[in-house]
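What follows is subunit A paired twice: with subunit B in the first complex and subunit C in the second.
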Partner chain A sequence: MTRTSILRRTVATPVLLSLILVALALVTYLIGSRPFNQTMIDLFIRVIMVVGLYIFIGNSGVISFGHTAFACLGGYMAAWLTIPPMMKGTLLPGLPSWLAAIHLPFWVAAMIAAVWAGLWALIFGRILMRLSGIAASIATFALLAMINTIYSNWSSVTGGTSSVVGIPIVRALWPYLIAAVVAIFVAWAHAISRAGLALRAARDEPTAAMASGIDIPRERLVAFALSGAVMGLGGALYAHSIGVVTPDTFYLGLTFTTLSMLVVGGMSSLTGAVLGVVLLSLLIQVLRWLEAGVPIGTSSFALPNGLQEIVLGIIMILILMRRPAGLFGRSELTLPRPGQGGTTPRTTAGTPP
Partner chain B sequence: MKLHGKLAAVLAISTCLTTPALADGDTITVGFATAESGFMQAYDKPAQDAAMIRIDEINAAGGLLGKQIKVVTADTKTDRAEGAKAGLSVIDQGADLVVVSCDYDFGAPAALAAEAAGKVSFFLCAESIKAGIQGVGPHSFSASVLAAVQGATMAQWAYEKKGARDFYRLLDNWTEYNKGICDGFDWMLPKLPDAKLVGEDTFKNDDASIAAQITRIKSLPKEPDAIMLCTMMPGAVSAIKQIRAAGITAPILNGSGVDGSYWLSAVPDLSNFFVPVQGSIYGDDPNADVTKFNATYKTKTGGDPSSQYVYPGYVMIDLWAKAVERAKSTDADAVVAELEKMKDEPTIFGTRTFTPELHHQNQARYLIVDVEKGQPKVVDQWTISEPIPVSALMK
Partner chain C sequence: MMAGLLQILFDALSLGSLYALGALGIALIFGVMRLVNFAHGDVMAFSIFALLWPSVDAMAIVFAGNLPWFLLVPFVLAVGAGLSVLCEVLVFRRFRRASPATMMIASFALGFVIRYFLLMLFSSRPKSISLLPELSQPVEVLGAYIPLLQVITIIVTLLVLFALTGFLRRTRFGLEMRAAAENFTMARMLGVRANRVIMGAFALSGMLAAASALILAAQTGTADIQMGAGVMLMAFIATVIGGLGSLPGAVLAGFLIGAASVLMQVVLPPEARPFRDAFVYGAVILVLIFRPQGLLPARGTKERV
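And then the complex of A and B:
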């Protein structure tokens, strides 16, 4: 089977997923509410991060608890590059003078942040990718703890545990939309590339893959660096979405939120990664509205505060009980073909015809 | 295309649930983008209740500029990203004043949203200099007093009134607030002739034991005249208990963070323990209006104020409303200009001053609460002799 045919058969997935995001953006534009706009920005950032996770976890089958560290690296890099130099002088006196003098537009900074995070993923991955299974997961968790400790204590450069402020806030939706679409296409391109196919082969049949000449640590490293870069992009955009970064934003809370969205959607599917975020975020939003109170006739109906987290937890448990492989399992969203539904089993996932 | 159908349904529902905000010309709106759930709720709720008391008083007296004050709220869920949304949400609901969380870190996203929208924002009780011009922008204020003023107040008061000369400084470097108290102490100490620092140490709020630090205090040639303890709840209780259990009886000076009697039973018969407060929750405030406020608070909320941190909420609405009256408008720049003109503006919790450089209090009257045998009472009041300069605060 040739490469072009894989491309043609699978390109519908990223296109459809992107169209769903574009549709969400259009709805947001039509509603014109600023908090809803911010909710969508949040959603797109989560899409970027979960797609980042998927690139590594989905293709390698190794669960990583450490990817939030790359979001942290990206977020702080964006802060260093975009805070007005005058503020940097007082807030972060330990920055090297060339970095303290730099003042870049947010999109340039976001790209540099992605490269920076990808570079560190490459360095750490070089060591970590020799491990497999639970050992690799624990090592990535150690990576997260290490980055968090450094960023919490290197006060003159990162501001320590205090908030770093002065990051220009970007409230327009489209940069986030573009970044999310880019992330989806990067994930797709990697998945159908030689490296992606080899990595999935190694995930499903490591022995056979090695026997076929696949260098597993190397293929994992490619995915790790790429996913680190996408996480870095997500972290940078997160910084621009609220204008503040702190080390504890990029720690356990974000790690488990993004991981659970990936698990609920389906770890081994790009569709699962994207739609897991979309569906869970919309669910959260609906519960928020119910918490805030919905007018029904003359009275208003409201759920008690805090119920949102509980209901969300219960729904996630139910989903995983009914569909242990996540909502989408290994299926991808594709165009319907005669005799098939909207989602098809991924015959394109590298399994031989 | 079952999946698409489901998605469309979800989208349709979410569209229906969003109701457009309507601006109302006959009311003035105060928006609370504060925590209604999560750990910050414990700090935000009491101060917000106090703010509501002042709003009710103003509405009962005919409103502000002849208009009633309307309140809108949004929950930050003690989360920064939600905080930004909550800020935008109350702005969309027409807030003229955006009130944000007590803590700088958690209030900043909403305050930054307000700043970007050109609205006045007030931190309910943040005590970092960043909560204002320095960390948000020219339309942002804090209703409390800088942490540094607490440390400076205790140092000077202990020097003048307790004859303390040899100070020991014990810092819990967990939060900016703790560091702020000790920064103020550090600034004040060199100004006190022949007062000296005989030792200093640090610990972390969640340290189970501070035995090492206590050993160093015990091994000093003579017990210090006063220990400046820069810490906060929950670790403060354990630290205080260990210091007293080790037989150190020297006066302990604190920040306002340890105010309240809810924890005193954990350290039985605590004595020689001093806390600066903006107003007394113990019913012995020299100003009868404070005691009256406490009673109102009890009627409205069903409980006594748990600490002095309820008071800044009341002060905030009081000052902002005065500025609106004087500006004859809720326009942000006009209100900020009036707030910045306030010099020693009286409130029932002491005077307040804002300047174009500092939207916070770098000098304020504090009541000194002395805990003797587990009983807190107001014994004195103190205002530091000079305001702490912004340069000393910005380190």
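And then the complex of A and C:
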């Protein structure tokens, strides 16, 4: 089968997913409410991160708990590059002078952050990808803890556990939308590339794949570095969406949220990654709204704090029980093929994204 | 000089004990059902918070914690075992046929549910509690003043290890458990009742979690909903370094990691000391490169084709 045909067969998936995000952005624009705008920014950032996770976890089948570390690297790099030099001098006195003097626009910083995170993913991946299965998962967890320990204690450069403030806040929706669409297309391009196909073959039939000459650690490393870069981009934009970073912004909580979105949608499906974010973000929003309190008549009804995570956790467990492959399994959103009839988008099983 | 060395030795042994107890609790369950239990750290936190009355104040309202020690310790152990068995009955039982990766994520989610349940009742603020305050007095050992707690930690860990070895080697239940760890399907065919064995493993693991939580809370004097996370991570690492599923390996690696942490604390220059744990994690990743199967690999965990 030639490359052009796989391209034509599968390009509908990223296009449709992007259209869904564009539609969400349009609705936000029409509503014009500030809080809703922020909600949508959160959603797009999570799309970037979960798609980043999918690139590695979905294609390799190895669960990684460490990708939040790359978001952390990206977020802090964005902070170093975009905080006004005046503030940086007092806030982070340990920065090298060239870095302390630099002041870049946020989009340049975000791209550099992605490359920076991808580079570290390449370095760590060289070591970690020699492990497999559960040992690899636990080693990625150790990686997350290691980065968190370093960033929590290297006070002169990272501000320690206190917040790094002064990151320019970007309130416009479109940069996040563009980044999310780029992430989706990157994931798709990797999935249909030689590396992506080889990696999925190795995931499903490791022995046969090895016998066919696939260098599994190498293909895993490619995906790991790429997903690390996408996570770095997500982390950088996250920093710009809230204007503050702390090491705990990028620790277990974020790992849990992103991983649950991927699992609920379906680890092995790009559609699952994106729609998992959309579905769970909706749910989180409703729960937050209930936690904040809803006026009923004269009294107000509020759920206790922490219920959001409890509900998310229970949903995750139930989905894992009933549909271990997630809501979308391995199917992707595509257009019906010519000659098969029907005009509505539908899902087809079995085809790569 | 001698006293200093002795102090370092006791530090290493007591920290190693903590990690070894944690690693043992994780390795037990992994051995029987290939589950990497991410909820272990939250079971630890839960068994300490069971001593307190729900409140969001910084000062803990001690409730069951006022019991005399000979009632308090069994109470905490029972809470740990109970919660652990509850997790297995409500959640893990339904994942018998699932892949290890699926079970691992489910336990991760379950751990979060437990943690945020505690957050709902107690808030995320760490609380100061004084648990068994009589243990903080130092005792003189060969000229060095060692906190009584360290001595007791080490003795208790050794006792637990001996008791557990005896239990696994001498009793029928222990035999069944070892058989199940070796080859679960075969063990079932030979008449081992799977659910009973797994529940037993969860009860033991919960008790180990509670024991390490007691030590931790007595050492730090605080109860924090995140208190189990650090020990659990080190315990995970110990189980991987020791060879997944191998109980002696987990214990050995737990002590090694404890010793490595204390050594680094001594050897590292002062400005690098806050990064001690980062060095430990890094060292661990290096060990895994040279011995990916662990120090004492268990039989039966090799992937078969």
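Please note the rule applied: the second predicted complex is superposed on the first by the 299 of 353 C-alpha atoms of A that agree within 3 Å, B and C clash if a C-alpha of one lies under 4 Å from a C-alpha of the other, contacts with A are read in each partner's own complex, and residues count from 1 in each chain.
Everything below uses one rule, namely that a residue touches a chain if its C-beta (ideal position, glycine included) is under 8 Å from a C-beta of that chain, and two chains touch if they have at least 3 such contacts.
Bear in mind that the values here come from a model prediction, so they are computed numbers and not experimental data.
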| item | value |
| --- | --- |
| First (subunit B), second (subunit C), both or neither touched by A:305 | both |
| Which superposed partner A:73 touches (first subunit B, second subunit C, both, neither) | neither |
| Subunit B versus subunit C as contact partner of A:277, first or second or both or neither | neither |
| First, second, both or neither for A:109, with subunit B first and subunit C second | neither |
| First, second, both or neither for A:51, with subunit B first and subunit C second | neither |
| Contacts of A:133 with subunit B and subunit C, given as first, second, both or neither | second |
| Touched partner set for A:336, first subunit B, second subunit C, both or neither | first |
| Contacts on subunit A seen with subunit B and repeated with subunit C across the two complexes | 305-306 |
| Residues of subunit A defined as touching subunit C within the complex | 61, 63, 65, 127-128, 130-135, 137-139, 141-143, 145-146, 149-150, 153-154, 207, 252, 256, 259-260, 263, 304-310, 312-314, 316-317, 320-321, 324 |
| Contact footprint of subunit A on subunit C as seen in their complex | 36, 91, 94-95, 98-102, 104-106, 108-110, 112-113, 115-117, 119-120, 123, 229, 233, 236-237, 239-240, 244, 274-275, 277-278, 281-282, 284-286, 288-289, 292, 303, 305 |
| Subunit B-touching residues of subunit A, taken from the complex the two chains share | 20, 23-24, 27, 31-39, 42, 90, 161-163, 165, 169, 171, 238, 241-244, 246, 249, 278-279, 282, 285-286, 289, 291-292, 294, 305-306, 333, 336, 341-343 |
| Interfacial residue positions of subunit B with respect to subunit A in the complex | 1-4, 7, 10-11, 13-15, 17-18, 20-21, 36-37, 74-75, 80-81, 83-86, 88-89, 91-92, 104-105, 108-109, 112-113, 116, 130, 135-136, 175-176, 394 |
